[in-house]
Amino acid sequence: MQSTHTSYNEIAGKRVQRIEAIGDGVFAIALTLLVLDIRVPVSEAIHTEADLIKAFCSLTPKLLAWFLSFLTLGIFWTGHAAQYHYIERSDRNLNWISLFFLLFISILPFTTAFLSEYMTFKFAIGIYWLNIFLLGVVIYMHWRYASRHDFLSIQGEEKAQVQHAIERRVIIAQSLYAFGALLCFINTYLSIGFIILVQLNYAFAFIQSKRRK
Amino acid sequence: MQSTHTSYNEIAGKRVQRIEAIGDGVFAIALTLLVLDIRVPVSEAIHTEADLIKAFCSLTPKLLAWFLSFLTLGIFWTGHAAQYHYIERSDRNLNWISLFFLLFISILPFTTAFLSEYMTFKFAIGIYWLNIFLLGVVIYMHWRYASRHDFLSIQGEEKAQVQHAIERRVIIAQSLYAFGALLCFINTYLSIGFIILVQLNYAFAFIQSKRRK
Amino acid sequence: MQSTHTSYNEIAGKRVQRIEAIGDGVFAIALTLLVLDIRVPVSEAIHTEADLIKAFCSLTPKLLAWFLSFLTLGIFWTGHAAQYHYIERSDRNLNWISLFFLLFISILPFTTAFLSEYMTFKFAIGIYWLNIFLLGVVIYMHWRYASRHDFLSIQGEEKAQVQHAIERRVIIAQSLYAFGALLCFINTYLSIGFIILVQLNYAFAFIQSKRRK
Amino acid sequence: MQSTHTSYNEIAGKRVQRIEAIGDGVFAIALTLLVLDIRVPVSEAIHTEADLIKAFCSLTPKLLAWFLSFLTLGIFWTGHAAQYHYIERSDRNLNWISLFFLLFISILPFTTAFLSEYMTFKFAIGIYWLNIFLLGVVIYMHWRYASRHDFLSIQGEEKAQVQHAIERRVIIAQSLYAFGALLCFINTYLSIGFIILVQLNYAFAFIQSKRRK
């Protein structure tokens, strides 16, 4: 009798479309969250064009944080969407792994703003790296879980190829991020610069597109 | 002639996909609402790594509220999605029950933040519990209504099994939350600790996964 | 040659699903916008349960505004979704009518908060009524346009029935709102009370469900 | 062996529905972002209807910014949706072009608010124009890329017609915006007025609808 008993956990978390939909919602909000920080400078002291340009330029750190946050979110959103291109089933565990992924996505605008405010502090780089590292861990677990439980729409050789490509990407990217974070013991700007270069490369795919030719 | 008259209430609230879409939107916003409260600490007094770590640690209550809110929202979102896995039709009443569910979801970040600010007050636990209780009542009504009006995609034995699993889950969870809330008359931290343990269990399914083996 | 020329306006605004998706997004945000106004009361003077209850009660106007805004948004969202249950095609004009509907939806949390702050002022009732009136005008135009341009999935008798139900609902509701707004010349609380009763009725359908029996 | 190797970049960015979904999310948030700036005026000095009307009128610049931002966002959202009416496939490059489009959409409420605050400054017009120009460049690149890589659902003559209509629209609109921006060297109000007229025309299609008769 116990074997025919349906538990709630067996029926929860099966709607792949819902996981994608709430994911897109959280990403869309995270992408715009740092825009809320960019306030129009209001000052009695702005009388000339030069005053206004100067006031605008003081927004540079916030504009940089917004752009950096956009790059990172874009990279992880692309990764999330790429996995769901092949995932066609789900269970409650995959559902919760996906929710934890969104948890770390939702905090990314904060850790980015924290870094942009304290660029000379190793602790700020550590927190930012930790966020990216946790995202990497969760998205890796997400794929492994889906693949091992046969939730994918692909099989055999194609599955092996896609699996290799996705896992390799996460491991290489995380190694580069970790290396970049460690550079902070030499110089924090060097560390941030290296991480941004890695992200720009993943956004624009300079190196990969050359290799494909 | 009156019998052939179509009333607005007969044609409203039929779009299940729309109810799911607005639901995902409200959940996505609620999940990120408490992130808005986590502001980068800005202070003239931050000069060393130790200062920054200290400033970061002062954010702990807000980070806890964000995590607690995430757990609760994740649990109810999974429940909402699990119901709509089986609900394929709707009418205006189910539509409005679903909207009231979203009403109580939208206020959850506030009641969570209220609790995290006043952890030693019975009233704060009462408000937080009331919110979770109302969510439980509405999601229970939601399922009963859909099931009684034959809006489900399943029939017979399967329907009975799923129905039993969903209703049992709500009743057990609500009993545990009510017990946890009552613990505040002994000690408020005990009460909060118990509620968080219940939520962690529903997120990670420790007990259930053991039972299934 | 001019007749074979395709203009941009002929190819724009055709994606009904996109109009529904952006609609659900704007509604979801509008539903949660007033929650941002409900801040956890922080005060050095809160020492006892009674202090906290008193501080919580001071939030009542904001909680009322949030609930009132929810009712109104729920009513119009249900109306919008009911129309798109039957609309299966679109053009750029319907697309823009829908966008203007969302324009007035996005401002509704503001006009509601404005009313809840200035409940004894005729001007605040006027602005709130104007918002609801404009929503009524646009949603009426929206349906008429879709119906006249044959964008519906229904025909003949069914179309006539649905058309009658939708148009009748808008006209009766708007007449009641206008009557309610005019009551402000007697007493503003009478006016607000009447409008809330109308909205509660549309949410819970007391009168209609009696009639259907 | 290298030719059978699947790279991550070949499997990323293929989900057209996801790109549309995150797009609708970002647009919905951008549409409501300026509403957050319209705060209910709270003042001890408001005693009469005349006081309240005066306080409300002081919100006019913010209401104008909200309306102007709505028009611009509506125009670009319609353009984005019109392209995806024909785009049925995607790759990682198109995915990233689309994300950069959303980057410039997310900042539009800021540049609009900046302009509405500093209407007499050429620099504010320059920044606003730059935002619209970048949106035009990215949406043009987006279409060209999709068309050249054969991601469209249309072929032959129909493709040529649609292509011509979409590209012509972007080029004419951008020429008008650039002309409007240059008018700021005569007078900034003239410049803003001209840009608003162009946008109103694209929203209401006065000129086009006349031509079609």
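Each chain carries a letter (A, B, C and D) given by its place in the written order, and its residues are counted from 1.
Going forward, a residue touches a chain if its C-beta (ideal position, glycine included) is under 8 Å from a C-beta of that chain, and two chains touch if they have at least 3 such contacts.
As the structure is a computational prediction, the values presented were derived from the model and not from experiment.
To overlay subunit A on subunit B by their CA atoms, one rotates by 90 degrees, a value rounded to a multiple of 5. Each chain's centre was taken as the mean of its CA atoms, and the one lying most distant from subunit D is B. Subunit C and subunit D touch with mostly distinct residues; of the residue numbers seen at this interface, under half occur in both copies.
Remark: subunit C and subunit D have CA centroids separated by 25 Å (rounded to whole angstrom).
Between the CA-based centres of subunit A and subunit C the separation comes to 35 Å, rounded to the whole angstrom.
Subunit A has residues 21, 24-25, 28-29, 36 in contact with two or more other chains. Residues 4-15, 18-19, 21-22, 24-26, 28-30, 33, 36, 92-93, 95-96, 99, 102-103, 106-107, 109-110, 113-114, 117-118, 121-124, 127 of subunit B are the ones touching subunit C in the complex. Interface residues of subunit D, counted against subunit C in their complex, comprise 20-21, 24-25, 27-29, 31-32, 35-36, 38, 40, 42, 46, 49, 52-53, 56, 66-67, 70, 74, 77-79, 81-82, 84-85, 161-162, 164-166, 168-169, 203-205, 208-209, 211-212.
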